[in-house]
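Scroll down for the structure; my scribbles are underneath it.
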């Protein structure tokens, strides 16, 4: 049976398809984003306070590498699917980064299924947001250079600032640190806000995402069936890479599922924003339609249940 | 009450451009402006995302015609090729000319 | 003793009357609306999952008929009170529809009083929103036709879309379906957001409604005492019709009180919006002043306690 | 830098009219516009509701004078009788005339 | 379709002034206006707070030139010395002159 | 160890210093303000319902006097520090009033420390907001009169309205009354919104305040070290006055700490707004930089722990 949050997503998609006037106010959407990032960070931070940081270093290095390699694999595949060099690189940057909401859904699914997992997994999210994004941007810039020699230089300092000190990494890392420093006793008084309502807030967020994803149908039609095929076939491939990395790291079953989900998910908030700044020539409309309109629902409905199902085979 | 003619330059652009447009204004010694959050529509072009985060802003700056022209020229050449940006000029009159 | 939520309403009215700068941000107001509709729907949906749907058909037909008949009775009464044909029909559409917040207050009152009730009552709200509204609009259009033969045709397709796929019916129905499909186990993890805080959120909403209702005083003065009399005398009459319908359906005491409240309540969100589209000639200012400035507080302070008190006499 | 004269038509109206105003624009081949959420006031007339949901929008469209006139004419005859709507024209100059 | 020339007066000011600016408009028999919430910037002067509550509004009023001048004059003398306020005039044309 | 809410403040300051794009939507900020004021009021009101109102009169008179005296002491000190007469008076008005958030942090600290305290303390907040503010404004107007004889008259009626019926006093007083009238039983159903999440909401609010305070660095630099010294040295002095008043009133240790905090805190929301209306010549930029950029973090990090530590020596 589907998780209840998936039903909220479906309600949002339906509302948009039938052209209902239902809209979530922008301030609510922003608030939900801030909340989810902080809450996920806090959860992971509580766990961090319980274990020696040094033990995590290999994991961090492994997931960073995983994220950075994704665009190198994805971009050529997208070229084969007929995308222009710049668009292929741009879209590969989205898959190199991660979707925090997809992670949140997987996390609640893992908990519901009672799979044992590394509770510091939110740390992976934080460190996986940037590397693949940056690699994808570099690929796109190289493609541009090849097409047009007098391309301006990319401002790496601005880009690093945008990504590393952007809202999502900052709140995730901030939550992790606060959780780690405050520990269980310190976090207890704010539990009623940051822990208990987590899943209900996620449900509201998915309603909003459903509204947006439902609005991507036009873009999907314009780009043809190709985009749907791409958005559905990349996740399982990437999930396999994630699960294998999890296997090498000796993760528990839940941890494998989470890492598979992270690899398989595509960013549709941070990545498009960074691309607009760094490579405006890449078609972000196409990328959002693919990441949010296809891959996100695919992971929600098919991917996550699948990854959870297969994870035990890769687990330590 | 002395009225002085000035030019109002209006820029409508995707919000991602905000920091760079403002930097452009400052570079041309225009240090005062007014920004509104707006919603836009434009004939379907090569930019077709309509994700919530895809906000649009309107920047208005009142200044001398020469300054407005210079800003417009710079914005047009640097950003118009790859970004959503529209600009237009209107004639206005102001009272305290020394402020603009 | 008054329910605490009524005190929040009073605070809002007071703040507006003394011209305080207190305002709730529009995004908060929209968020509260979305929340209440979803939460009410979910509550009802949980109950729906427990009983055969077919048993509800007679109830649904009965409450739809009740809603549709209300404007036919109310419009002539309003003509007697001196309103123009179009304004009378327009205002009757508001009484034909329902006020979700009034229902929410009645629901918490019924629960507090421990009256046994049909837990699927939110279904009545969803199906009662449209019928009376549509009948009232037809009456208004007929009145216009009589006054001016070359009236344009009404776009029923647009209106049906506006009402049936509008925010309120969509969220109520969506909540009902999600609750019914997910059941108690599925809804449990989002209980901390959609069930427990319900009454507190209702209190905030009533603060906002108090602010708006307090602002209707000017309109009330302009339209004279007449409007106050109308707004206070219609609810008991309609409540009687609602209670009788409840009696015929063999409802429990709480169910009778809820149906009486629904009949007695007047819509001040969905109805004015639909009227602006379908019959812009009708005075929505007058209608809002009456529905929100008089009938809503009347039901809150006098009506609901009264209906609860008398309901047992009509109950099965 | 070639400047071309255009007309800016501004419509201020109750938000309930939004879909129909935009349909009117499209009907006149004006496919680009800018919308802002505003708050309005008008001398007490026959529309006196001030409920929160009673929002006001401002639509700006830059186009040829003939198009602006045609839109204004249509809006005035269809909506002005029963709806809150105000419209006015301003002269503006644009750079890339082919876009409007 | 008869077009009539009018003046649009735009006031950009710190939000704290709103009630008093509107009172000024009413005092000059201008009973209709449009307000937008905007964000502003101005060359660093003696007012340097940038606290969230420090909002800026833009008030637009379309009226006869004489009325616009009188309002501008009053605002300038009463509020410009101690408050953040900018004002400018534009020419517009309207259709139903009796409404302004 | 720091309270967890202080960590959220630090995160906000950090985000601003590194120029992150993190912003809380304005509607969220307004919602948090409304929530905190209502919740604090409700808490105090519950306590008010338990004791004879007349017993509180001496306390109310004493704290009103305390607030009113503060600017008379602070303004001359600020003159010594080199501020212009108008700016000194203006800033003294901020210290004469109170910071509700500082109070909220002190309240949770007192509860965490298990110090016995007068649970009706929110009443002090409500009555201390206005007196010092008004005295400071009078001082500023006198300073202006001295400098320029043809100063316009101050509109006391407008000012009284602005302050006494302004959002903060209205919500605090409204909450107090609702709590007092409804009592424990009445408030129970809205506990899940107004009581349990209090500290979590406070954490979010402090994140926002951190963002704003971090943005004050520019103003601080412009005004020089002087402002930092002023903002750090006034609170302990004023706290001593507050603690002594608490001693005279025979308060419990927690009550002493709370009253010390109130005296030591400076308003940065209500006071600047009132000053802009009443004395636009006073530099509110400077005042906000001092009150929010220096005194607020000082109290958070150093002041409150100190006042709690010393309070028992002043307690009954």
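Letters A, B, C, D, E and F mark the chains in the order given here, with residues in each chain numbered from 1 onward.
FYI, contacts are C-beta pairs under 8 Å (C-beta built on N, C-alpha and C of every residue); 3 or more make two chains touch, one makes a residue touch a chain.
Labels paired with UniProt names: A, C, F = Sodium-dependent bicarbonate transport family permease; B, D, E = Transcriptional regulator.
Keep in mind it's a predicted model, so treat the numbers as computed, not measured.
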Interchain contact steps from chain B to chain F (minimum; 1 if touching): 2
Same or different contact residues where chain F meets its copy chain C, judged by the half mark: different
Separation of mean Cα positions, chain E and chain D [Å, integer]: 20
Averaged-CA centre spacing for the pair chain F and chain E, given as whole angstrom: 34
Centroid distance [mean C-alpha coordinates] between chain D and chain A, Å: 41
Per-residue overlap in chain C, given as positions that touch at least 2 other chains: 25-27
Sites on chain B at which at least two other chains make contact: 36, 90-91
Pairs of chains satisfying the touch condition: A-B, A-C, A-F, B-D, B-E, C-D, C-F, D-E, E-F
Complex contacts: residues of chain E adjacent to chain B: 10, 12, 36-43, 56, 58, 69, 72-73, 76, 80, 86-91
Sites on chain D touched by chain C in the complex: 14, 16, 46-53, 82-83
Touching residues on chain A, where the partner in the complex is chain C: 1, 3-5, 7-8, 11, 14-15, 18-22, 24-28, 108, 112, 196-197, 199-201, 203-204
Footprint of chain B on chain D - complex, ascending: 1, 3, 6, 8, 22, 31-36, 62, 90-96, 99
Touching residues on chain A, where the partner in the complex is chain F: 25-27, 30-31, 34, 161-162, 165-167, 170-171, 174, 177-178, 181-182, 186-187, 189-194
